[in-house]
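Paired with chain B in one complex and with chain C in the other, chain A is shared by the two complexes that follow.
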Partner chain A sequence: MRGTRHVLAAALASALAVGTYSGSVTAQGEQTQGISDTEIHIGAFGPFAGPVYLYGKLVMNGVEAVFDKANADGGVHGRKLVLVREDDNCKPEGSIAAVKKLAYDEKVFAIIGGACSNATLAAVPELEKAGIPMVINSAVADAITDPPKPNIFSTQLTSSIESRAQLNYALDQGAKKIALVRMTDAWAMARYNPLIEYAKEKGIEFVADVELQIDAPDATPQALKLKASGADAIVMVLYAKPGAVMIRDALKIGYNPIWVGQTAINDFAAFEKQVGIPDALKNFATISAVAFQPTDPEMKPWTDRLKSLFPNDELSTFNMNGIGSAQVLVEALKRAGKDLTRDKLLAALGSIKDFQTDVYAGSITCDAPRSHQCNQNPGWLALRDGKIVRIK
Partner chain B sequence: MEMFSYLLATGISTGALYALVALGIVVIYKATEVVNFAHGEMFMLGGFLAYTFHVMLGWPYVLSLILAVLAAFGLGILVDRIAFRPLMQRQSLVSVLLAMVGLSFVLKGVARHLWGGKGDYIPFPPLVSPEPIMFGGIMVMSQQLVVLGAAAVVMIVFALFFKLTRAGRFMQATADNPKAAKLVGLRIDRVYMYTFGVGSAVAAAAAVLMAPLTLLYPDIGFMLFIKGFAAAVLGGLTSIVGAVVGGFLIGIIEQLSAGYIHTSMQEVAAFIVIMVVMVLIPTGLFGRRGMRRV
Partner chain C sequence: MRALLGKKAFLVLLFGTLLLLPFGANKYYVFAANLVMLYIILALGLNLLIGFAGQLAFANAAMYGIGAYGTGLLMKHFALPYWLSAPAGVVIAMAAGTLLALPALRLSGIYLALTTLAFAQFTFWVMTHWTSVTFGAGGFVPPPIDFAPLPINQEQGIYYLSWVAALLLYIVAKNAMESPIGRAFVAIRDRDVAAQSLGVDLFRYKALAFAMSGFYAGVAGALYCGMLGFVGPESFDLLQMVMHKGAVVLGGMGSVLGAVIGGTLLTVILELVKEFKFSIEIAFGGLLMLFVLFQPTGLVVFVKRWLPGWEERLHHAEDDGAERAPVAADGESRPQTQAGD
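Then we have the complex of A and B:
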């Protein structure tokens, strides 16, 4: 038994030594790790499976489409971009392991991704330790980039930006009584808490605060409670599926207030079909990080490219988030020059200003070192005369 | 009173869905004494198959429904052949249950690969007008009435199948005593095979009916399995009537608890029911008395 303990202790000590060694080497700066004369290896992590694989796998497919285009155009300063994917299962332990594998085993130059807020947040210390440039493209938790970390930038709207925008929209529409319907998972709580704080700042008390789970096949109890509260605007902290069920069941009882969505419901055309009732969305508006709907003609080149790479995929807003973030990264890689180093890439990312991608609703400005939240522009979509239009 | 009426009506229509799922679980359990943990994924695949036929290929609704049910029947037989039969021959019930859990993950992965890139939650066109209609003094979704009616038909057919047909009796005889059934010459392997086929076919029929209301996505199966399983446990796991009554009770309990206690109860009501039933009435409302292997 004692022998076993000694062996275990020795193994543990060895493991710690290796871990410390790996970390210190990277901390000292593997400035050109992952770069060869012909290639730049970029890592990505997010879920490949499970309920939120859309924020991982599909976003990565969008990134891959941008890399494919950049490579077809001759690469970045002659180097082809290679995406190395790691599955984090949307779990903190998964993302930490994914970052370690990408940084120390795969030895990628930079990382793009981060799908789930909690998982990405857990990986932040490891990312900082590795000093690897990271572009967040899906996770929305503010704490990932606030306060700013030298090597982490986000091209996604953060939860507090969206929550504030949702409440402001309801107030701008003249709502007197505002209610809230929300999921209760980590994604929803990352939005709920800033929303409650902002409501307090504004002196607003929600007249109802009801819960609806992602898989609920019905939302009649929630609809009855919201209607009974007399709310004239409802802030929705829901994914598209429960959002569609919510609006459908509210209409069923003759209740159709102002509905205020956020980026989880940013594919307006798909949402219309999901609700499935004509005119159901006439009082609905939603935040969209992207300026276009997947079926818009402006997206045709990306639809074609995605289809050529992933024949089973139809272009979605998930892909589009990947496209936008990858365009920012590719632009920064170009600006960093041929003699690429991590420091040069970080400097290039930090100096990006008013950069227009093909997909995002607003321009991208990384105001380093003050802010690394590079997307501050929530776009709004609503139905006007039966057509989906951008508003505000 | 209006609130109660809405909650009750919705509870009944949601309960019909749970009853259909429970029915498939019970049909398989009755014959094989195995809980098919991949039953929710059979439901999910049935829905996606119908989506492929009806939406992607543009075939008529009824034809798509029939094809999806037939395909699910075939899939059920495949499950019997690759996951159930080889392990049961080794008398390893635990291995069978684990194989079913594993199968559910495999099927989800297959669905994500084949249809996962089509969007997050895929809408399925309803059989009738999507507009709500007035029924018995309250507004209901017409598709919910379709589900209710179709569920009633499926339930009656199954009750009659087990009571009146030779195949149904064979299944019951096999469930009651497989060794005795084998001794009197029943080909129990074949009975098991058709049972898996029939159970999967019911799941597919339920999926096609419910898809316009629940939307389609690769992970839909687990939630429905849990609710259907709760209904089956409440009803007694071996009773067709029990599955139906259990389904309706779970649906109604969910609605009333969410409406009158707290909206968060909608998610947990089914789990509370499972726990309470297992403690107070281990055999369920209509289950067979006496100890049986599970």
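Then we have the complex of A and C:
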């Protein structure tokens, strides 16, 4: 007990010594933080490992490739771009820690990234408090940018945009009975809720609503249920791996309706390999935020640059998402001028209109202050005569 | 010199640093320090259950989640102030923890582990699927917490609340484990049949161990809800449970001081791993493996061996650690086996 009293006494003494503390707040919104005469420090956060590292590490590698090109071309108004990475482990506490570290410890000028929807959503209040310009390039939850926050922009297709596009595609294909197969995590739920709302708006009732786990090795029960529902189109709210399992097991029971994917399955060639059955994807179409496949000749310069920076990387659609978002940021930095401030960057981001990147399916328009969701153009990919093609 | 290297000096230094940190450190370090205090509370609670009472339970992350969800949902759905929601969340977590004592009466070791693991998975499923109440996988943002009339914001208020909670719960754990409660826990851990023959009420003390553990996790959960301003299911998954166990193993099973060391060390290691841009899973898994193989009794025993003044009542792993630790680690702790036993 004496020891306990010692600890308490010392603690209380310390508290008294600082009793005048009245909640000082660190100065925020430093307009030129992270900028020197020769460099601009840009932060990035997302998972470095685990099942969703694709949305973190690989996207960051794509960003780094764009920064490398900008630096090779002389930098932005003579300043080199430096990417400072932070791992958020795809957890809310991780993303808040990452944002605090980037904003107050690394003191970066702006941030690009945000991989996981829940983690990014949790960090939004901290981003707003810090007043740091942020370009979201992977997280899809609408709530991150809707209603618009003055300093947060997204170059990724948001979940409601994709959900609407998926349902419209099924209807355009003449589907009469539409079913849904989905995961149950935060990513999937961010898409599921707007999908259900849009279906109601359209007066459509899904004939089946089936769950499939991210690591499911078998989807035969789900396939049987979907087949029994008589659905002629299936909206897939799945990652590529469970998506491949779903189509494979449906084919095994002779069921091949119209399959409608979304951006998590936008590496068509890789998905074809994952399904592993010839002709399995003849009824499959998917949304792609990017206009090209990694093997397309248009991507060769980026493939080479990425290889030179990260010899173990093969260009993927995840890298390409990073490339597209970083090109938007670099363009905004250029437009903000040599006397760079955060306000100028935000103004430049908000004024971007019909900007074409090397990768995105459509142009980028940030209609600030009405909308900070700058990518409104889902592209579509499908297999035609054995070739992956863009379709309307 | 002895006093300077003793456990009291360590505790004064640790809690003194944590108290003063917000005055000199930036917001990132303050946030990390707040996490340290939460993991100290979590490790203290779990150590009471598995280290002292010898109950191999895997539901601590679920209790942590119940505390966070209970607090946040009461604020969100019923507009209750934090001062009411947080204690209510803690009580809900403690009640859920106490219920787990029922299977613990009949089960032990791996069977208890599986039962509590199933409970944790069920809790996770409820968090994810009971959308109308829990907001599902997308989580939710609880209303802001007002610390008026104190002149501090939510971040500062939760930080100092965590500091007070960590210190008080350390004192409670220390005193409880030095009292007949601690002796009853250790007796149950070492051989429950023998404990019962000595008059230890198994149901009462097992229920108390689970309730205390649930209470500690609930307090940490309520603070977590206030610290993040966001509650989502991914924070309370199996990896979270592994981290709690890791904190206990790193610090030292069956040691109150070990829990303080473990909770601190765990958070510091995780942040350092991020600093060096290394995989958290690999670094943490590797470290845990090293400890299990080479220092199974935890860091506190290592410290005790080299520094004076670190002795704790009821923690005798220094004397027979080699035999005790592996036994304690599987939850079937027994004293050294005698010939013909």
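Note that in this section the second predicted complex is superposed on the first by the 364 of 392 C-alpha atoms of A that agree within 3 Å, B and C clash if a C-alpha of one lies under 4 Å from a C-alpha of the other, contacts with A are read in each partner's own complex, and residues count from 1 in each chain.
By definition in this document, contacts are C-beta pairs under 8 Å (C-beta built on N, C-alpha and C of every residue); 3 or more make two chains touch, one makes a residue touch a chain.
What you see is a predicted model, and the numbers here were worked out from it, not measured in a lab.
Once the two complexes are laid over each other on the shared chain, residue contacts for A:49 go to chain B and to chain C alike. In the superposed model, A:72 makes contact with neither chain B nor chain C. Residue contacts after overlaying the shared chain place A:189 against chain C, while chain B stays out of touching range. Residue contacts after overlaying the shared chain place A:244 against chain B, while chain C stays out of touching range.
Shared-chain residue A:389: touches no atom of chain B or chain C. With both structures placed on the common chain, the touch criterion links A:210 to chain B but leaves chain C unconnected.
Of the two partner chains placed around the shared chain by superposition, chain B is the only one that A:277 touches, whereas chain C remains out of contact.
Legend: residue contacts after superposition of the two complexes on their common chain; A:309 is shown touching neither chain B nor chain C. Contacts of chain A with chain B, set against its contacts with chain C after fitting on chain A, overlap at residues 49-50, 184. Contacts from chain A toward chain B in the complex involve residues 49-51, 53-54, 57-58, 61, 184, 210-213, 215-218, 220-222, 224-225, 228, 239-241, 244, 248-249, 251-254, 267, 270, 273-274, 276-278, 310, 312-314, 316, 318.
Touching chain A in their complex are the following residues of chain B: 3, 6-7, 10, 13-14, 17, 108-109, 112-121, 123, 126, 130-132, 139-141, 210, 212-215, 217, 219-220, 222-223, 255, 258-259, 262-264, 266-267. Chain contact summary for the complex, chain C toward chain A: residues 7-8, 11-12, 15-16, 19-20, 22-23, 26-29, 31-32, 35, 128-129, 131, 136-139, 141, 151-153, 156, 167, 171, 174-175, 224, 228-230, 232-235, 271, 274, 277, 279-282. By the touch criterion given at the top, residues 1, 3-4, 6-8, 10-11, 14-15, 18, 21-26, 48-50, 85-87, 89-93, 96-98, 100-101, 103-105, 117-119, 121-122, 125, 141, 184-186, 188-190, 193 of chain A touch chain C in their complex.
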